[in-house]
Amino acid sequence: MTIQWWQILLLTCLAFWAIIDQLTVSIVNNPLAIGMISGIIMGDITTGLAVGATLQLMVLGVSTYGGASMPDFITGAIVGKVYAVISGKGVQFAIGLAVPVGLLMVQLDVLARFANTIFQHRIDTFIKENKPNAAARNALWGTFTWGFSRAIPVFILLVVGNDVVKAILRIIPAWLTDGLKVSGHILPIVGIAILLRYLPTKRFISYLAIGFIAAAYLKMPMLGVALLGAALAYLHYTREVEKLNTKQNSSEKVTESEEYTNEEGEYEN
Amino acid sequence: MKTNSNKLTKKDLFRANWRWLWASQLSWNYEKMMAPGYFYTVLPFLKRWYKDEELVEMMQMQSQFFNVNAFDGNFIIGMDLAIEEKQGSKAKETIAGLKTGLMGPLAGVGDTIFGAIIPTICGSIGAYMGLRGNPFGAFLWIIVNLIVLFTRFGFLNLGYSQGAKLIDSASGKLNAITDSAILLGVTVVGALIPTVVNVKVPFVYRAGKVTLKMQTILNQIMPSLVPVLLVALVYWLLGKKHVTSTKMIWFVLILGIVLSYFHILSA
Amino acid sequence: MTIQWWQILLLTCLAFWAIIDQLTVSIVNNPLAIGMISGIIMGDITTGLAVGATLQLMVLGVSTYGGASMPDFITGAIVGKVYAVISGKGVQFAIGLAVPVGLLMVQLDVLARFANTIFQHRIDTFIKENKPNAAARNALWGTFTWGFSRAIPVFILLVVGNDVVKAILRIIPAWLTDGLKVSGHILPIVGIAILLRYLPTKRFISYLAIGFIAAAYLKMPMLGVALLGAALAYLHYTREVEKLNTKQNSSEKVTESEEYTNEEGEYEN
Amino acid sequence: MKTNSNKLTKKDLFRANWRWLWASQLSWNYEKMMAPGYFYTVLPFLKRWYKDEELVEMMQMQSQFFNVNAFDGNFIIGMDLAIEEKQGSKAKETIAGLKTGLMGPLAGVGDTIFGAIIPTICGSIGAYMGLRGNPFGAFLWIIVNLIVLFTRFGFLNLGYSQGAKLIDSASGKLNAITDSAILLGVTVVGALIPTVVNVKVPFVYRAGKVTLKMQTILNQIMPSLVPVLLVALVYWLLGKKHVTSTKMIWFVLILGIVLSYFHILSA
Amino acid sequence: MKTNSNKLTKKDLFRANWRWLWASQLSWNYEKMMAPGYFYTVLPFLKRWYKDEELVEMMQMQSQFFNVNAFDGNFIIGMDLAIEEKQGSKAKETIAGLKTGLMGPLAGVGDTIFGAIIPTICGSIGAYMGLRGNPFGAFLWIIVNLIVLFTRFGFLNLGYSQGAKLIDSASGKLNAITDSAILLGVTVVGALIPTVVNVKVPFVYRAGKVTLKMQTILNQIMPSLVPVLLVALVYWLLGKKHVTSTKMIWFVLILGIVLSYFHILSA
Amino acid sequence: MTIQWWQILLLTCLAFWAIIDQLTVSIVNNPLAIGMISGIIMGDITTGLAVGATLQLMVLGVSTYGGASMPDFITGAIVGKVYAVISGKGVQFAIGLAVPVGLLMVQLDVLARFANTIFQHRIDTFIKENKPNAAARNALWGTFTWGFSRAIPVFILLVVGNDVVKAILRIIPAWLTDGLKVSGHILPIVGIAILLRYLPTKRFISYLAIGFIAAAYLKMPMLGVALLGAALAYLHYTREVEKLNTKQNSSEKVTESEEYTNEEGEYEN
């Protein structure tokens, strides 16, 4: 069985949409649904479900936290499904194909997240020049980096065939993919450092240390740290408000406040 | 300064929700993560409230590092809008602090509920049905997703009412609130460093039967020492003349590749 | 061998006393002693000791903390001992009987602790009506709920026989006993919530959070939390006292305090 | 107000000891645990020191949630008496805070010593002798218990002298002491919630090979989340009109049974 | 008071370095550990800056308990000299606090680098060569040691410049700095007690199958309870009349032997 | 082969220096180097290296922290090397000898650290009497306690022979060596207690507790505690400085500060 040009077009669009869907409305954000839809496009919904379901089981509970890149079995599902139908070799063959594709996508996911830093810098520049609309546009252009990161490889795979994946994986040197992974992990440092420069960090450096100690030494999860931070923030708040009141009292009603001091003892909540 | 004539309507809140829904992650990037999405979401309001210099300042504040779970993170936007509506640019630092302080915990809660629990339940039901050729599970999941989508819109409104409450109860005490918000934010950033920056030193010294794991030794000195040093380095460099964030991003990008090449760092 | 009416009477009283003893003077608060005393009553001290000692070994170091209900092998020891003598089947038979009795007692212990909430509410009401003596009486009436929770089942067992235990255990549905256990565990919430309403909690809500974090996230035992609390309390105390002094100074001797500020540096401890 | 004419005598302290010995746990109940025992112990003194409204107020304070080890807990009563003797009802909040702050640690220490160490030692000696038909071990334990009984009386007197010292050194600073005592108390209550309220969510989701333990997921969000939510719920309900503590106790009682029935909570 | 005429020269700093190099551990003793070395190192400066009563006071402050890694600990001496140079004996408490506060962490870092990492690497290389009769590894280590020796001199100068910065930025705020330094010092001493005093109660109660480890039970009451009690005892005794530190050292020496003899304590 | 008197002299000096070297310049502070040097003195560098290297491998990464006494295989290396050459029985024999010698040295190390407390007390006394130079001398006399603790046993061993070690080890009762070890562990308490009396501990007792809790309950390493302490110290510092400023403001420019209060809101970092 051969694939039709309109099928290629639809599947490429599906690949584009699948990643955008995950990033936005999250309606068909899983291998199962995408497998099913590919099945519909290819006219074989049962195999589509089977491929999608099998891939689904492999990623149960796996999710992207803090911007980490995960094997993308959603894109894998599209390609796997198609080849299963074309070759007629069934589900297991499809899986065997979907997995390397999913792994390849990790690299392209990293690349997309990199590429978007360009838009970030344009946003920063346009803001400085007070061009809000230009900045706003750049906040949306990521649509294409994300979308094409999935659509292009799927398109190539469907047109040129499977061998190209292996070739590409062979060409990209391991030191580069490893290096990009490390870079991806340490790049947030730039954002954090800018944030620290932006906030009046020096005045609150003690709390930076306390937050760090809680997370690094005591292994407290983020919500725990935030709870602690909120407790300390409220303490600070009460103290500041108290100071305000004292200042006002001391000017407005010196005599009264002294009486209060002498009275001492009557508790008020 | 803020113009009271333009009180936020339900439509305004819906608009914010809508923009966040689409834009939150589209220009997600390694440097400031969801900053573009946040900026895009609040921009119409910034343009309505501020002009010229003030607008630039507020836009700059609203495009700082930000990362949260996309599903429940709009709660923060709701608070933000409520506070800015009342206090305008006076609340600049308050917003900066609150955003930073709340993003961590909301990311944790959102990721657990929307990233782990729901997909695991829907996914396992759907997959077992799908394996038997039954598409019902897949459709069920789509329905659940639509319900979730609907629910997401509620968080922003909830945040808005909470923010309004906060700012009402604190009239005349904005300084105190600002300080406290920043305090919370800085505390969370302190915890963010060892959490977000996840790199190890893979170097292992070996001679005969002796092995010396560099990371183990570094941990003895201080856990997450490398992330701390890297943040300190970048922070310090950013204070130098002629160092822009663009230069820094290239510097860190290349640094990562080089350190990885020489097996000094690994992900 | 058959049991005499005066033996039944004495053993029932012993069961009543045994639980009261644990709650108050704690002199014969263990299976060993109670086993021995039952032995004396039944005229066979050696078997009594053997039964008590065996049960004792089963509960070594088990104790009731925070109001949790434990298998009551003290009451078990009485019943077990008696049947060992009556049936003449020896220690192992006695143990086989004492254990289910001890487990049954868990339910009755829970019941007694429940029933006492009635006295609690009467106390609260009488206090509101300023009737201290009536309230005081209710603080002692628990004697009977506790005492009868042990005396009645022992009495029934001795008069009616062993089968009744099994029957009762069969009748009470599992969902009820399980449910009561859960209720017992969450009931202290009411007391704690009332306490939180009673204390000026809002002002000190940060410390509530800190105590919670220490116990829930950092698994610090209660003494550690209290130590931390004491440290924070002392910090607070010093600060308050300092404020008092500043206020007094600022009114009494404005000039002096300013000189002190300029002088700055001479350390005083 | 306090009447200085009635200074506490040794007999008074003995009387407090005696009442605590008998009453501390007799009306122990799930709602306020040892509150009746504490109330009963200090009642004669309350009646001596206060009248009418003041008496009611102080009785109410003295019948709040309280739980301690019965053997060493009278230490707190000693402190209480020393402070009330000097300060009267002015010290109401101080006492409330101190009771709450000290009960936790004294429960821990007392349970370890009188609930674990002594019974284990006496019990194992006694049992091994008993198995050989020798009643000596059983008698020995009774003697040890009598010594312990005697010792218990000391804690109250110790508490009394410590309390007197505290209150003397703090003359003119009662406000500060009160605040600090409450601070300590509230901290301990914060730790009490996850310690005392011991329930789990037994629900386990299963589909094929996938198992999802609800409690594990809840722990990821926050340890002891369920106890916190339950306390928050009851706290909030108690603030509503027409909600009495009697209604609450029935509510929680039935809630427990129902949640257990549907396997949502387990002990 | 301090005499500005005598500003510290490079030679002065070298002299301090030199004295520390030789004296730091020579009279190391169980009571005050490196106190003699510290005292010896700073003595020439004390004599230059102070006279009579003031000198005695400062010498006493400089001969308190001190323990650090000898390689990087001179950093503290550098800071000390910078501060004393500017502030003289007014900084007495500041120095006492800083010394106490910094010795702990510098010991940890120094011991890891100079006591663990370098010897392990040089030692394993050298040993494997040595086993084959090749002395090169042994020589290499000596060369590394000479480089390390050279490096050690840098820490004191680093400390000096940091101390100068600190004291400059804080002019007119010495009280605040002093308080903060002591605060840091006292915090570290709090952690020192369970870290430095490493004794266990080896007593195990056994009867039949029952074993009761005393140390386990003590840990349930409080971790490091024994060290805390011992410190409290000695602290209290030192407050008594006629109790000198000499008497205390003999007391503790004999106490250790006796408690070890009766198997109450073990190392 | 027999040993010459000048060799004994040199080796004794080497033993003296070896420990002083460790305490000061740290150039030949390891069994390997000392083994080699002994080899040179005995005219057999290869065996020296072999003995030193073998012992070196046994102590890799073992180091003395906080004044704990470790087996001293450096001194062991000297003795071992010598006997290997004298007896001609090779490396393994040398190791078999070096190890017990190294263990014996633990006792003598403890003794030296004890003996130095005498100098400590002399220093304390001389300081009180304002005799700085006398005090300074005592800060150096430890040279001899340390040096002789190694030199004397080596000398005896080389002159009298190996059996004396075993004899000595047999004579010293275990309770004494064990007891001294315990004493060594608890002696720092005296220094710490003196320090606590010296510092204004009472004012900062809360921080003592916080440091203790962090180390004992939360197992935080020292650097973590110091980080926490620094954070708290900086908080304290900011607060104190703020107080200073308030005082000055309140006297100098009362009106201005009030305007600031009313203005409220303009944030300044």
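Note that the chains are named A, B, C, D, E and F in the order they appear, and that numbering of residues resets to 1 at the start of each chain.
Heads up, the rule we're going with is that a contact is a pair of C-beta atoms (placed from the backbone, for glycine too) under 8 Å apart; a residue touches a chain by one contact, two chains touch by 3 or more.
Since this is a predicted model, take the numbers as computed values, not measurements.
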Contact-graph separation of chain C and chain E, given in steps at minimum: 1
Chains touching both chain C and chain D, listed by label: A, E
Copies chain B and chain E - rotation angle from C-alpha fit, nearest 5 degrees: 120
Same-residue or different-residue interface between chain D and chain E, half as cut-off: different
A-B against A-C, pair bridged by the larger set of C-beta contacts: A-B
Inter-chain centre distance, chain B versus chain F - centres from mean C-alpha coordinates, in Å: 49
Geometric centre distance via CA averages, chain D-chain B, whole Å: 44
Whole-Å gap separating chain A and chain F, where each centre is the average of the chain's CA atoms: 51
Touching two or more other chains - residue numbers and ranges from chain C: 57, 60-61, 200, 203, 205, 207, 209-210, 212-213, 217-218, 220-221, 223-224, 227-228, 230, 232, 234, 244, 250, 264, 269
Overlap residues in chain D, where contacts from two or more other chains coincide: 93, 108-109, 116, 120, 124, 127-128, 173, 175, 208, 210, 212, 220-222
Complete list of chain pairs which touch one another: A-B, A-C, A-D, A-F, B-D, B-E, B-F, C-D, C-E, C-F, D-E, E-F
Residue ranges of chain F touching chain A (in the complex, touch as defined): 218, 220-221, 224, 227-228, 230-232, 234-235, 238, 250, 254, 257-258, 261, 269
Chain E residues within the chain F interface of the complex: 21-33, 35-37, 39-40, 43, 46-47, 52, 55-56, 59-61, 63-65, 67, 70-71, 93, 96-97, 100-102, 104-105, 107-109, 111, 115-116, 119-120, 122-124, 126-131, 133-135, 137-138, 141-142, 145-146, 148-149, 173, 175-177, 179-199, 222-224, 227-228, 230-231, 234-235, 238-239, 245-246, 248-249, 252-261, 265-267
Residue ranges of chain A touching chain B (in the complex, touch as defined): 20, 23-30, 32-33, 35-36, 45-46, 49-50, 52-54, 56-57, 59-61, 63-67, 113-117, 119-121, 123-124, 127-128, 130, 132, 135-136, 138-143, 146, 175-176, 178-201, 203-205, 207-217, 220-223, 225-230, 232-234, 236-237, 240-241, 244
Residue ranges of chain D in contact with chain A within the complex: 87, 90, 92-93, 172-175, 178, 208-210, 212, 220-222
Parts of chain D lying in touch with chain B, wherever the complex brings them together: 205, 207-208, 210, 212, 217, 220-221
